[in-house]
Amino acid sequence: MTDPTTTAAPAISPELQEAIDGVRADVAALHAELTRYGLVVWTGGNVSGRVPGADLFVIKPSGVDYDDLAPENMILCTLDGTVVEGSPGSDRSPSSDTAAHAYVYRNMPDVGGVVHTHSPYAVAWAARGEAIPCVITAMADEFGGEIPVGPFAVIGDDSIGRGIVETLRGHRSRAVLMKNHGPFTIGKDARDAVKAAVMTEDVARTVHLSRQLGEPVPIDPNAVDSLFNRYQNVYGQDPTGSLN
Amino acid sequence: MTDPTTTAAPAISPELQEAIDGVRADVAALHAELTRYGLVVWTGGNVSGRVPGADLFVIKPSGVDYDDLAPENMILCTLDGTVVEGSPGSDRSPSSDTAAHAYVYRNMPDVGGVVHTHSPYAVAWAARGEAIPCVITAMADEFGGEIPVGPFAVIGDDSIGRGIVETLRGHRSRAVLMKNHGPFTIGKDARDAVKAAVMTEDVARTVHLSRQLGEPVPIDPNAVDSLFNRYQNVYGQDPTGSLN
Amino acid sequence: MTDPTTTAAPAISPELQEAIDGVRADVAALHAELTRYGLVVWTGGNVSGRVPGADLFVIKPSGVDYDDLAPENMILCTLDGTVVEGSPGSDRSPSSDTAAHAYVYRNMPDVGGVVHTHSPYAVAWAARGEAIPCVITAMADEFGGEIPVGPFAVIGDDSIGRGIVETLRGHRSRAVLMKNHGPFTIGKDARDAVKAAVMTEDVARTVHLSRQLGEPVPIDPNAVDSLFNRYQNVYGQDPTGSLN
Amino acid sequence: MTDPTTTAAPAISPELQEAIDGVRADVAALHAELTRYGLVVWTGGNVSGRVPGADLFVIKPSGVDYDDLAPENMILCTLDGTVVEGSPGSDRSPSSDTAAHAYVYRNMPDVGGVVHTHSPYAVAWAARGEAIPCVITAMADEFGGEIPVGPFAVIGDDSIGRGIVETLRGHRSRAVLMKNHGPFTIGKDARDAVKAAVMTEDVARTVHLSRQLGEPVPIDPNAVDSLFNRYQNVYGQDPTGSLN
């Protein structure tokens, strides 16, 4: 009899194994960016990455110290959120947010990475159920407008995943503030989703600070459009366009 | 004649010695988490851990640099708060909060660890004598509701210890904000109490930030119950239930 | 055919090569100060330095990790903002703010260094379009008065560079807060501009904090003058006077 | 002809040389605490220490990187604030705050260490000209009441030193907030003055945070007295009483 929360390992070609190993290494290493930027404390927060060319993703184990994360203890899951039996790390429980990540991968085929944190400024907006208005050019560049709020949803079924997808589908923002909970971000791969998580906290903080002493000046919507389009197509060494 | 603040060393079996050495190592190492998360400055703050199977606990010495803490200079005390004569480190004074830790261990037999800090956001709430309301899911998970305020109490007798125990006994929260003073946290062992101290400052900060720009939305009490129960029984690799 | 965004390499004397190499080393190393002081996240922010005795400057590549910056991947540009063909790093795109840096070098011949960041407190003032008032002596020393606001300008032509130059020309301040965007700072060399960026965030934060709980006391303009003049001529091991 | 800002070196006994070397090492090393706790940026801030048994003190050079501070480039001064000719480091200028330190040593014979920083929360109170009220027990322990404000004074003569001495003489607090400028702290030696600087910023921040969301509860003056007396006589491994 198989454990209902694991899935028998599929036959794995050498190419697929290489892809899995690459995502394991990326996902393990990217967690260091969450601590570097103060987005997480203790064992909170999680990064996952889709395995290119397969219905699989890799995610952090639950409740493990950031100092102890390594490629071999990342956990390989199928898109229904169950652990692939016998794969490295499959003796441990995956992140308690695994169902939400899986829901996003099933329903947003272009998403290659998902990140969740309780970063303080972003959660402060989420606890008021308030979207972050677009009043700085860095936010227009990165998110193309406001960062929206998603519904209050309790862990345990698909309601968090559904809230993320319903809020972000068709939206320029790669970040959603789940009400009373915290930010989830998506990206074309795990690194891109981590970047979105870092930028979410950065703009959450800056706009918070600005509003503490008065009202920030809104940016003209045409300028927001222009900044977003330029940034998605020109910035960096290898611009590949927006995720959405 | 014996010093009234020390206690003659009891006969120590090899098993007990091993248990003591384990707690010394844990307590010394866990102080690094207080500096990592910015919960303490200079020589402030202290962690203690109960020795399993004995009426003993291990605590930090008073006024010693965090860089100089090591297992052998942690101090072994009996549950009345006196130093065990002749044990390593017994030539130094224990933390000036030792009496409060001892009172908690005497009166809360399930408590295996106690932590005290002056972490800034938690003390900010304590100085106003204001409990931290439960408006974020991380707080429902970890504390099962608000973090309560304990009475104003001056160091020197049992009044701090009594204030901690009277506030936390029967309460879901593992943290209390002693008025005008700061947080004390408890746990099933020293590591669990340190986690509670880290999470106390994290939620104290996030709720503070949220309230700076408006009123956070309360979480429905049924949802708080559900989150608390799940987290105590499901999260992590080896969930062992709530302390209380 | 040459790429319109690069310029054929001029003949380079050994002396000029040494000067270029020195600026490459300085500019690469100075980026570490931006991360040390929390002025940037991810790949944001940029430092440039003019090559003494030549119509050239060196700037950071676009979208490259701070951990990967090194002298050989800094990018050499002419004062019209095009990359010098065939020079080390010329296979990469320069910072997306290169045109603004180039405009400043063309129009302010005494400027030897330019820095741009999105440091949070400075951007918070910029998003309100509000100058930072001079209410602390450190600000009088360093900036000789308020830090002014420049116009809203969208990236893509000379409007950012023009806004910087029009605001700072003839002003004591080496920093301008571009509206809804963030600070640009100038200096006699790259290090001096980085110092100005560090001090801009420091005073932006301190004056922000002060105003949160009331009105800071203004400093008498005569005292501001006296502090500015002393600091420019006396402070440090080798005072060389103000840039402006 | 001698430079009016240096003093011919006195005859130095081996014992005095050893004392000077000890203070050089302490003062150089203690600067690392200023950066560890975020009290300074760039080359700002300074620590000095009196040489026991001599009318001499050791202070940081002006405008030198924190990474480059070492015992041999600390500067030996007489109590009138002039550099001792020919001593190591005497080819550099001492801190621009040397005259203020010297004034304190001349007029407060029990003071063995002086520290000055522009730490942000303390300067925020200073810029409003507002004393920090004693609403947390850590402040009662360390300062015995409020941290007072000193007069506005411009660098260049004895007015800063005089403002420090007039404010702190007979006061329990070892810290003064010079108006629009920042904190100066004193101690029985350089380390004690650094501790006071660290605690000043810590309480400046915590009381600031507390007041942001309401009014902190005052502590009864009798309790303040009791906490201050206990802390000065009991805390730590070797309590030696209050400085004042």
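By letter and in written order, the chains are A, B, C and D; residue numbering begins at 1 in each of them.
Following the convention adopted for this analysis, contacts are C-beta pairs under 8 Å (C-beta built on N, C-alpha and C of every residue); 3 or more make two chains touch, one makes a residue touch a chain.
The structure displayed is predicted, hence computed values, not measured ones.
Touch-path distance (fewest steps) from chain A to chain D is 2. Chains touching both chain A and chain C: none. Relative to the C-alpha centre of chain D, the farthest chain centre belongs to A. Counting every residue number used by either copy at the chain C-chain D contact, under half are found in both chains.
Averaged Cα coordinates give chain A a centre that lies 33 Å from the centre of chain B. Mean C-alpha positions place chain B and chain C at a centre distance of 47 Å. Multi-chain contact residues of chain D (touching two or more other chains) are listed as 212.
Because contacts link each chain to exactly two others and close back on themselves, their graph is best described as a ring. Against chain A, in their complex, chain B makes its touches with residues 37, 135-138, 195, 198-199, 202, 205-207, 209-210, 212-217, 219, 223, 226-227, 230, 234-237.
In the complex of the two chains, the chain C residues touching chain A come out as 41-44, 61-64, 92-93, 96, 118, 120-121, 123-130, 152, 154-156, 179-182, 208, 211-212.
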